[in-house]
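Take a look at the structures listed below.
Two complexes follow with chain A in common, the first pairing it with chain B and the second with chain C.
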Partner chain A sequence: MIHEGTFTVEVERTGEILRVSLAGELDIAVEQELVARVREAIAETDARSVVLDVATVSFIDSSGLRALLMCRDAAQARGLALVLAVPDGPVRRLLDVAGVAAWFDYE
Partner chain B sequence: MSVDVIPANEAERLAAVRRYDVLDTPPDGAFERITALAARLLDVPISIVSIVDTDRIWFKSHHGLDVEQIDREPGLCASAILQDGPWLVADAKADPRTLANPLVAGEFGLGFYAGVPLTTHDGYNLGTLCVIDLGPREMSDAQVATLSDLAALVMDELELRLSARTAVGLEAELRRSAEDVASTLQQSLLPPTLPEVKGLEFAARYHVANRDQVGGDFYDVIPTDDGCAVVVGDACGKGTMAAALTGTARWTLRTVVLHEWTPADALSRLNDVLVRSADDPERYVTVAVGAIRRTGTTTELTVALGGHPRPLIVRADGQVEAVGTTSPIVGWRADAEFDESAATLDPGDVLLMFTDGMLEAVAGHGETDDATLRAILRPWAGHTASEVADAIDAALGDDIRDDAAFLVVRSL
Partner chain C sequence: MSESETESFRLRLSLPSHPVSVAAARSLVRALPRTPDELLGEIEIIVSELVTNAIRHGSLNVEDLIELELEATPTVVRGCVRDHGAPFSIPDAPPIDGEDGGFGLFISRKLADSLTIGRSGTGNEVWFTATPRAS
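Take a look at the complex of A and B:
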């Protein structure tokens, strides 16, 4: 069986906030794309903070978690605060199991 | 067979005939249609796709003639393949090139022959597409052109089959070699057999999602002075990078438990090793490490979880409980701290350590809740480690999206 996931990244600027909305399956297939898009968005922005909205991420695996951690570190390296918008769901559950929930700030 | 019919490049030509692998293959629709078409378009009773072998001419398709092969005698196909273009014999019984051929001189009494060589892309004539009649006749230029076009169609079909066969062969070979590498590497990352440890019984299973890719899951059982260390982990990513990470994790943990150690220590040490290694800073493992110590008849378990799902204990009476306190993933941050918690394993109790790939395969895509797994385990309380492992295997389903590994430890 072939699993065909769809994944999208949307970047939107509102005032001082850069909102990056992710949707779909966040796994090894899209890991690099996500990190590249977020780094690019961060590099050229004068926003004060970045919101990573993962509310509509339907699946995340270990590579997806690594991508979130890399986004967080990339924002921190640029002196930007990165906050997660994450309701109860697969991302929240993985952050808990992986013991890294405390490494992020939340919206 | 006369030497007159042997082309200068005969050895290479025969190699080409072998390469196309068509000799003695069963009749087949594509060629049957072409000979039928040739006979109809050119208004002759007989049309043949012939392949010239060492000492025979074999017919891949023979429309209007109930013969499968003839000797390689000069005059007809055997001579046609010596040409660069069509070989035309308007009146075979009067033509010095053909009158001695057994098909012409003999009972069959062939009177007319027109053949176009089947020339490979690299210039070897494998055989012909030919048309035959009993009486003499003439062919117009347009008819010769038709025969040449049909011969080109035959050759296209042969080339197509060859490239399809080659592609399938190459693909199979590449896949086999990738699977070989993956499986060799995988074996080096897992213990070949589980050790004997007094008072304990083990079963472990490992399922890779793709056979041509090394999985990132791993498990280990390492005997210690007073019991053993049990490990189940998952290196992030896939393929050789994950394999290298798995190797580092496994051997670091094996080294740590050689001396006085606790599971939290082991995770701290592994965290240091991974954070400091510069080869790929953006990597981590999730791992559950347990220390099982036997004192007298009691078995004490201490477990530390680095970003890993909590192991389950199936009590002999059917109670299922999770054990361990979640600590962060291992290898990402230098300041990560690892907690540990303890439990007692009474005789008949089973400890199950597993990766999230196994949990997902049991509970469903994206699922991190262990309720389904608990329900599967409950009826197997009091059974052997292998029986519990078999029950989990049965629940995994056929479609494993991620690698899945687990280790069952039963206290005796």
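Take a look at the complex of A and C:
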């Protein structure tokens, strides 16, 4: 089996907030697994809102962006508010270039 | 001007039609000499999108390799991605929330100075040029 790229998902619960931190390179090689892992974390939680922290994502392209949108939709389907924690960096830049920054809410 | 400041530097890579090829293609971008970091970052995204596009829409035959070519000159970086897939075009309109597809080429077109698609034999050739932003 070929290694499918490098990324990590860390899930931390603080009060009513589920914080899901993504790190690594978000592209076609990790897209499906990323969405599956976040869906799983969302499915199991009784938290009221989700923070998707992408501060340490080192690369993202349209496949990674699509994965973030699917995470947003998965949270919405469970009635959870999802916000992005996104300081200046690759994710912020791509959201601006793609013109889709308004498609997300922010921490 | 010395010779090293005027010559161009070419890199080529043949990639299998597999998702891990996208990271390998980005590694080739990072190997371009004398290219500012910010421009390298933009070219990484363009190349990532074009190779991903070739994998998603290209031939399923694993022997049909995706070819990546990069050329850095002192003033511009040119690149080309060749595949064996069906014809496609660059979307004019920005992507719409809830609709799939079209993102990658839209983003590439915004980052590149030029982006052109042509047919070659049984596949597509996508050419781009990228230069540092005037600041």
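Rule of thumb we're sticking to: the second predicted complex is superposed on the first by the 102 of 107 C-alpha atoms of A that agree within 3 Å, B and C clash if a C-alpha of one lies under 4 Å from a C-alpha of the other, contacts with A are read in each partner's own complex, and residues count from 1 in each chain.
Everything that follows uses one rule, which is that a contact is a pair of C-beta atoms (placed from the backbone, for glycine too) under 8 Å apart; a residue touches a chain by one contact, two chains touch by 3 or more.
On a predicted model such as this, the values are computed, not experimentally measured, just so you know.
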In the superposed model on chain A, is it clash or fit for chain B and chain C? clash
Could you say whether A:A98 touches chain B, chain C, both of them, or neither, answering first, second, both or neither? both
Please indicate which partner A:M70 is in contact with in the superposed arrangement: first for chain B, second for chain C, both, or neither. first
Quick one: is A:S58 in contact with chain B, with chain C, with both, or with neither? Answer first, second, both or neither. first
By the touch definition at the top of the document, which applies to A:A29: first (chain B), second (chain C), both, or neither? second
Chain B stretch colliding with chain C in the overlay (listed: 62-70, 278-286 or 314-322) is 278-286
Please identify the positions on chain A that touch both chain B and chain C, taking each partner from its own complex. 3, 28, 59, 61-63, 65-66, 69, 90, 93-94, 97-100, 103
Under the touch definition given earlier, write down the residues of chain A that touch chain C in their complex. 2-5, 25, 27-29, 59, 61-63, 65-66, 69, 90, 93-94, 97-100, 103
List the residues on chain A that touch chain B in their complex, please. 1, 3, 28, 58-63, 65-66, 69-70, 90, 93-94, 96-100, 103
Can you list the residues on chain C that touch chain A in the complex? 18-20, 22-23, 26, 41, 44-45, 48-49, 52, 55-56, 94-95, 97, 100, 103-104, 106-107, 110-111
Show me the residue ranges of chain B that touch chain A in the complex, using the header's touch definition. 216, 234, 236-238, 282-284, 286, 305-309, 326-329, 332-333, 356, 365-366, 368-369, 399, 401-402
